[in-house]
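Got a structure for you, written out below as structure tokens; questions coming shortly.
Letters A, B, C and D mark the chains as written, and numbering starts fresh at 1 in each.
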């Protein structure tokens, strides 16, 4: 249930509503909006008796929330959320391009790629320092050393940094160095990591699991938001199907589906879905055209010598072309 | 194998190559192109001894075709095929929009919708006269009566007609009335229908089966082409996956995948994939942006009273908006 | 709706009910059962006014059928159907094993394999004369010559014959020679073939499409039954999924799912699902244990020289072991 | 690579091989077998020069391991592994039945169900104390209180306990109370949890992710084994597909697929796959028949009042019937 406050309700009115909700045995979370504040009730299993709430000063009405998710729902927060980090606005007018290598390999590699993606117009640099790998014997990333390189990229090149935290240990250090903390597809239902992400001071980029429904993705975002972190960016990155022309099947219908029911900004990772660089430009154009708020793209100055996933990394000239072509797409 | 002729090779040279291929026990199919003619050898199971072919007048070289499909392959026909029907060019510069109701219900209904889609810029009118239905007890379409209405739409409104043939019987009459014969997703591997379509005098719009790989779609197109009909348009219409936010998952990566290996024009049906009209506009924009040569869209002047699939039919004003928005997409 | 007759109702009573249903504008199909006869009403779109039917002599009651399929439903026919062909009973106490090569290659090949499967206890011989092939250039079967070989196997070895009809043309000749007409997975929604199968004088073995739901399989069986052929055997043969350890994923839950809602006998084809002979014996045991009424198994005396799908054909000694092991399974 | 020792090789010989492997820059893990000891080399990226290893005393030969997983592979450990916990042998002659409620709700509930499953022949009691839940607002289990109840069940009823650890925190306490630590499907690629499980003193039951391939499941088991815990039981519990007759599609072909390439015991969870109790008995029979080493089954004395997933819990009389029927299945 949502308790919608009147336009002239004061902070004291809102606090009184929260206290009354706690008296009823639930939790009340204020959701300030552009037009009005609402207080979301969580923790109830069935209908809530709203008579005492409606009697409080400043309360306009109550609304039943029909979805299992609440804080991520457009019902509780009708305006689309814009996540602003410095000058960069994710969820705003212009799509935000996040680009870089699969893994940070060295300072030289990171700077080479960062300079070229910056020059083409990317605002965020991606690169893994902690890599979730199918095999225990594969390269697992440079760890904190990689994060320090990313921080240097941030400071010297002026790009925001998005990088993945893969567990409860490295999320502490990722939080310290990154501008956006990525939770990968395989961890989308790692609930203790989600709860920890909900306590982080940085925005979270949450990738859809490759076999997760849209509702499950939103429930995972709800885990993060229910801990207090409202800065969540969702990411479609392909799902597992029988189809074998791409590594995974990019589900671009996820974008209008999510935007219909949630206020959270949503970006697309065409590189991991395609698994082949040849398809990344057309899929990027498609993603922007369906309404994605940004892209997460793998770029490498020398893909054939990339430490991992070289097959899907764009060559610099391909990335330059991608940036030019998506500028022509009216969303 | 492909026997590539010299630029100055004559028709007699080509015929001599075809005869020699027949002497070797195979079939030879001439493939005229903008730059050169090639003769495709089909019917061989392993490598072909090309020494006698290379010795013939007018032969430039032989090329081994690496794919199981040959006539549909870009290896044998490097230029993209443009299918011209009157003034309409499918596969050319501009995407071609095919729009109309799921089923022809009456002359009045068809004309009402045809007029409105024509006004918005559609060049082809879609509408089923023979409907493949999951249940034997459902409305199966108006049959030939429906085709006559479509012919009247063609003559009086000036739209091309695409409509589905569902079996060996009704393809005869569909061929008579339609400008483009549609083979539906459930018939994509109905090989006797494909062979019959290969003997038709009209272009074929072949829909991808909802569990077919790209290779299987191309092999089905090869069935049609191997019978002599080179006018084949492919159509992505969504595949079956676990994902439940849409009826089927629209696989827009199919477009670059097909265009990489085949010269055939390819369109997208966002209506059947989405199953909900709310997603048709964004998915249409995405389809055009990834490079589709056209769209197949369901439109109804009164969706809530449509005889079938009303949930996915666009309202007239939505279709008008769709046409306007896709005009802004640079492919 | 189902009109249930009293135990002492006469044939004249039943005919009067059928006539009254026709007067109401629908079709009435008598469904004789062990205990009672019922008349199924088809062709209605909404509720039927049963007052005049209930007033007729011999009528006990009417029952609303809740499923989209009617004739295949256990609601209209509570007893499990047993299809008896000579001494062979499909759907009875003992599972019926149908075994043989993918394709009939020659009289010698067919007889060699038929003798060995007969010796091991198989009652039905399988072998394709008309093969639905992904490629137009692949071996498409021996055609009628193959059917004549199968007839000879029937006559001289004493096995029933199941073989596939792939279109409206060859079903005529398959009906003439075969004991059971197979409709393959790719034709599960070839409705004109289903209707023709519904007019056939022989039982139909209908395979589940590799992306068909159970409800769709039952609706396809309904097409056959609605034309008058009540002898339908269903077959699970694997579905398309992301999983790559087998060619298709054998869905053994299909057996209890079908038996819950339908009275039709259901068999399993482990060979096409597995795509590898190593898994055929365990999957056969699993199929019998979940309650399948039989198996369709590929066997070849010399798999490495089989004309098609040799990889999945059992060696003779493997088939002998399979027959021994499934005899130990209590269903 | 695998260094196979002679039958009469001593422990000192083995240790010398391990040291030499470390000198080469890799890790060497001894794998004692019934017939021979082998030392598995991990950490190499390409071929290993085995000349110095072959020269060591007690070394018989080296074998190249062709799979990405090594310790779980049957190549390195040809005999099937039997995990013995007290008298219970998982992977031996008889399938081991693990049964109990979805969640531990109270001491009374746990004891009621434990007594009934023990009486029917189950050897292991299942029940969740930490529940991974899609919604942050759902009941998340009794936590350590639940574990203490399980320990009491172990001590007073004499059943082994299997219960899930969902993160790095609760695995410490689960390890203390449980006999077998379960890693759930959603955590199959939670690599830090897998590494921690690899350091545990108790056997691990690792469930296949609902979109994981067999190779990925085995790679996750490799994570556990590479940390030193060789006691790993695998579990098939259904995969996500388009098919809607069950919650997930139980992939029984996983059993022969795993057993072909791995020596680890493998059990089946039919309850979570089916999502409906009606299908649990036939699927259990199927699982035993294909060769599963055991079952994980949900049972509740009062399913309609179960705290979660009541729809799939067996009634006591159904579980009694299941135990009787699987006793009749010859594997």
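Following the convention adopted for this analysis, a contact is a pair of C-beta atoms (placed from the backbone, for glycine too) under 8 Å apart; a residue touches a chain by one contact, two chains touch by 3 or more.
This is a predicted model, so every value here is computed, not measured.
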Comparison of A-D and A-C (more C-beta pairs in contact): A-D
Identity of the chain that, by mean CA position, is farthest from chain C: A
Centre-of-Cα separation between chain D and chain A, whole angstrom: 34
Mean-CA-position distance for chain C and chain A (Å): 50
Centre-to-centre distance between chain B and chain A (centres being mean Cα positions), rounded to whole Å: 38
Where chain A touches two or more other chains, by residue: 211, 240-242
Residues on chain B engaged by chain C in the complex (per definition of touch): 42-43, 68-69, 132-137, 166-169, 186-187, 189-193, 195, 209-211, 216, 219, 222-223, 226, 240
Residue ranges of chain A in contact with chain B within the complex: 211, 213-214, 239-246, 249-257, 260, 273-274, 278-279, 282-283, 285-291, 325, 328-330
Residue ranges of chain B in contact with chain D within the complex: 211, 240-242
